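What follows is subunit A paired twice: with subunit B in the first complex and subunit C in the second.
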Partner chain A sequence: MKYFGKKLIAMAVTILVVSFLVFLAFAVIPGDPAISMLGTEATPERVAALREEMGLNQPLLVRYFSWVAGVLHGDFGTSYSYQMSVTEMIGDKIPVTLMLTLLSFLIMLVISIPLGIFTARHEGGKADRFIYIVNQIIMAIPPFFSGILITLLFGIILRWFTPGGYVSYDVNFGQFVAYLFFPALAIALPKAAMAVKLLRTSVASQVKMDYTRTAYSRGNTTKDVFYRHILKNALIPVITFLGMTLADMVAGSIIIEQVFNVPGLGRILLTSIQNRDYPVVQAIIVCIAFLVIFVNFLVDIAYRAIDPRITLD
Partner chain B sequence: MMLEVNHLSIEFHDHQLPETVVNDFSLKMNEGDIVGLVGESGSGKSMTALAIAGLLSRRDMEKKGEILMDGVNLLTCPREALRKLQGDKIGVIFQEPMTSLNPVYRIGWQVEESLRIHRPQMSKEERKQRALEVLAAVELSDVERVYRAYPHQLSGGMRQRVMIAAAMVCRPKLLIADEPTTALDVTIQAQIVKLLQKINREEKTAILFISHDLSLVRKLCHRVVVMQKGDIVEDADIEAVFNHPREEYTKKLIAAIPKCEKKKTAGT
Partner chain C sequence: MKTKVLKTVLLALVCSTLTIALGACSGDKASENSSQITIGIPQDLEDSLDPHKSVAAGTKEVLFNVFEGLVKPDSNGDFIPAVAESYDISEDAKTYTFSLREGVTFHDGSQVTAEDVKYSIDRCAGTDGSAPLIEAYSNIDSVNIKDEKTVEIVLKEPDTEFLAYMTTAIIPESNENPDTNPIGTGPYKYVSRSPQENIILEKYDGYWGTPANIERVVYRIIANADSIVMNLLGGSVDMFVRLTDAQAKELEGSDFNILEGTMNLVQAVYLNNAKEPFNDVRVRQALSYAIDRTQIMEMVSDGKGTEVGSSMFPAFDKYYMEELNDVYSQDFEKAKELLAEAGYPDGFSFTLTVPSNYQQHVDTAQVVAEQLKNIGVTANINLVEWDSWLSDVYADRNFEATIVGIDASTMTASAMLERFQTDASRNFINFSSSAYDEAFRKAKASVDDEEKTAYYKECETILAEEAANVYIQDLPQFVALNKKFGGYEFYPLYVQDIAKLYFVDENNE
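After this line comes the complex of A and B, so read on.
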């Protein structure tokens, strides 16, 4: 319990620091939200009046803490560009990005763990060498480009999905997931390639360990030595990687949402940055920060479950 | 004859020129024998031990001769037959107790492993009972705690006792101890040697004790085989070797025993 308390405090502090940095960044970089709302034709008096109305003339810290106070009550402020509540604006986008990230993660797991095990067990064989080459190629392709290739192959040539034919989750959940599968694949592929390589290397290092020899000396079959003894140890570094990847996938989804025309957090984030719509940007970044911290917390727990040498305190 | 090694040769083929690491090695062991296998690093003693344990499977290696355990030739028998002997008839303990146990499993699980493989008819309770019994037999205290512990929670000496317990859990006829005391400090070394003597006395387990420490070999073994660069240079009763070493190499090994140790052992 002590651990969870500590972790909660650390989470809160991290989110505070991240949100403050975002606040600071927008105060430092050039550009004025009042001007971007009114256009460059606006008179200086109108701009000044709007700045006063938006509270932009108040000192940074005052603005920051009044924002924090609002967030604690579930109010992320009002969007400058759309004049609507930020909570409302991003509320229905969060499930889209979450689902996209989750699907990418699942696809990565489903591809990388069996393939990593396969290459590790057949190290040096023809299949291993073939997978190695394919892996290198996939790792070198950035997700947005593999997104374009996937659209071309599965969308235009094979017609397995309609490019740009996104279906909202409240219209048809099945079609929503089916459409997101392809952008998720684009995000997952390079990460899966990395995970395969990592698992293979990790297994190769565990095979040489003394406990492997001990396991053989007790009459275990090669299969049992692999699955019971080696694999559990080999997965430890892979879990670290998977955790980092999950956080990275949220960022990856921002680009991929553009390629596949998915109305998630990514699109709204990009337009908000362009429009200097600070409240929206802040809210999204805090959400992403929360997700990343939460994932790290889950990774810590997974660690503890698999490696007894790690204690949570 | 329980174990019979006839003209064993091991040759590596992973370099341009083949390298012979064990050359024409022969050994006979009966129930209850304790044989020391000594020699400096690279003499081939560990390779011989691993071959007898059936743990040499590298493809770029050629093994000649025969290793007969209860009449089964370990070099030519199917892997299934070899696995039946490993852990059941042959137990092995290694030099490094710190790394020889799997770090992610509890001690109890690891001690019981050979039982799960070779005594599938035993119930979970019976297995635990036997594991606790054998942990107590290797003189570990608070066996319930040790049973639930992970390797990193135990000291080096305790881990080596656990390794011995795990190797002895099926009551093997032969225990191969590959430098089991090298990584331990002197007091623990003496305790482990005493423990091996006790196991030999009570269970009639034959022990093949590999070491470069002649004073330990003298305390424990009935017979000693001295190896140098893959060849057997001397094979005789322990006292005969110590009192009348025939080979120059053996004399040098005996001379290498620290003086105070030599005096003490000479008096006993």
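After this line comes the complex of A and C, so read on.
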């Protein structure tokens, strides 16, 4: 219980700090939301009236605390540019980004764990060397570029999906997931390559440990030792990596959403920054911060499940 | 035991991923609607949907299909009666009387009343004390309901061009959420929007005029310029209206017709006339002598585009003065002479601020910078995002020179020329000429069309001779339309008339 209390406080502090930094950042960068909204039809009078209406003339701290007060009441405000409720706007997009991240994570697991185990068990073999080279190449390709390649190959040449043919989850869930598979693949590939490499190295270092020799000497079969002793210990750093990756994937999806024309949180975040639409940016940053903290929490739990010696305090 | 668990989990993961992957293979084009058009737009309407509040050209372009004014523009730039059936302009051009059309209904089914008309126009004019939406509306003195079907608008000063502003949307007074629930009288009604994803319109069956042909319109946002062509080729988008020359070329030989028009704007190197060295007319003229428009067009869009020599584009055929294109023709010697006279015998360098989201302007800037080198002038190109441009260049006027295109918000000469008056709030280039102010004032006040036109032309001539800006061109516009569709019409304004589009194989209906 103490653990959860600590985590909750850490979460609250992190979110406060992050959101305040965003507030500060917007105070520093050029651009004014009122001018942005009025565009080329801005006249000084209209800008002044709009700034007043939006409360932009108040000091930074006052604005920040009134925002915090709103959030505590579950009110993230109204988007400057869309004039829609922020909660409604973002609530609509969270499932998209979550599904994209989840799919990427799944694809990464499916590729990396078996392949990692395979290369570790066949270290130095022909297959291992081949996988090693492919891995290096994939790691070197940035996701947005693999995204373009995937679109070209599966979208234009093979026609397995229609580029830009995104279908919303409330229209057809199957097609929604199907469309997201390809962007997810683009996000997952480089991460999977890294995970394979990490698992292989991690296993290799465990093989040399004393306990491994002891396990063999007690008459266990190779397979037994591998799965019951080595793999369990080798997985700990991999899980740390996976946790970090999951958080990183949320960020990675921002770029991939652009390439595949997926209207997720990333797209909204990007355009909101361009439009100086602070309420939306704030809310999304808070969501992402929350997600990162939550993933860390899951990682902690996973440690404990794999290695009972690790306590959660 | 543990091994088994691990294996089961892995197996489950593999299975689920495979299912998804297989699902993906069969997932395309299942929900194609036979009477639907999907139009790609490069930017979402990051804007209120209230037609009186929205300002972005991209928003107006879409809302053109949802809202109508008392009159509306046609593709020739003339005004045709819409919510009004007819109008009468008093001889002194101060009283405009509109007779409302019988049987015009809003998308919620209610009748358009004289009260709604008064409400809409009052709202724009800011007669309740708030700032008027655009300067022209501040001329409205009062809006009077004469009877159920007649509304009279009285102006403070005579204005023969005022009809152009009566294209402003008529909206129902009863609508409580005009920001998110737009209700108009146009051929299409608003269905839904999802930020950064789409906007959906549906044909309005109660439309008073010629009904639309296509049932459903989906505007799909394609924010990434690199994927526009892929989306078109892949079949997820039927139409895209603002392609670059390069994109249009990539679509050659595909299922798309490429239509070519003009963007109806004036692209120029806009100079800050209040900043040194551009406060000296000789320097501005020198720059004008240094550039070659034909070469710019050649480099930027393969020779397409139309030259302009002042702040008026050719679609305004009544006001456009082709002869002004020849005020300056490339002459490096003359340019250097002028620079020397102005005290810059060795040239100078300046910052050319360009909004990075407009590829054509960025490309133009590069050619211009090269051409200016010939007279010893160095232009340092500074790419900024659109928002910084709006606040730094446009609002704060803190710049030396910039390349953008300026369009007209209404089909009037004053929409193009108003901003160059010394005190105009939108005069971001700080142009100041008492002769210009005088000519513009006279043009505005004149009720005789011929005289008015002559004064406007005088304004244009002053802009050219004073070299207020280095005028370049009206950019070409390329529209890709799937061969399934026909009926696309170019307007002299920034609008897309979807109601005129039809399916090619059912066009005899």
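Operating definition for what follows: the second predicted complex is superposed on the first by the 309 of 313 C-alpha atoms of A that agree within 3 Å, B and C clash if a C-alpha of one lies under 4 Å from a C-alpha of the other, contacts with A are read in each partner's own complex, and residues count from 1 in each chain.
The working rule: a contact is a pair of C-beta atoms (placed from the backbone, for glycine too) under 8 Å apart; a residue touches a chain by one contact, two chains touch by 3 or more.
Being a predicted model, the structure only gives us computed values, none of them experimental.
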item: Partner chain in contact with A:307 - subunit B first, subunit C second, else both or neither; value: first
item: Partner chain(s) touched by A:258 [first = subunit B, second = subunit C, both, neither]; value: second
item: Subunit A residues touched - subunit C or subunit B, whichever exceeds; value: C
item: First (subunit B), second (subunit C), both or neither touched by A:274; value: second
item: First (subunit B), second (subunit C), both or neither touched by A:217; value: first
item: Touched partner set for A:159, first subunit B, second subunit C, both or neither; value: second
item: Which superposed partner A:209 touches (first subunit B, second subunit C, both, neither); value: first
item: Subunit C-contacting residues of subunit A that also contact subunit B; value: 232
item: For the subunit C and subunit A complex, residues of the former touching the latter; value: 2-3, 6, 10, 13-14, 16-17, 20-21, 23-31, 40, 44, 46-50, 53, 55-56, 130-131, 133-135, 179-180, 194-198, 220-224, 226-227, 230-231, 233-237, 385-388, 390-392, 394-395, 406, 409, 425-426
item: For the subunit A and subunit B complex, residues of the former touching the latter; value: 209-211, 213-221, 229, 232-233, 306-309
item: Of all residues in subunit B, those that touch subunit A in their complex; value: 53, 55, 83-88, 90-92, 94, 96, 99-104, 106, 113-114, 117-118, 150, 152, 163, 166-167
item: Touch list for subunit A against partner subunit C, complex; value: 30-32, 35-47, 49, 79, 81-84, 89, 92-93, 103, 106-107, 109-110, 113-114, 148, 151-152, 155-156, 159-168, 171-172, 174-175, 177-179, 181-182, 223, 227-228, 231-232, 258-261, 263, 267-268, 270-271, 274-277
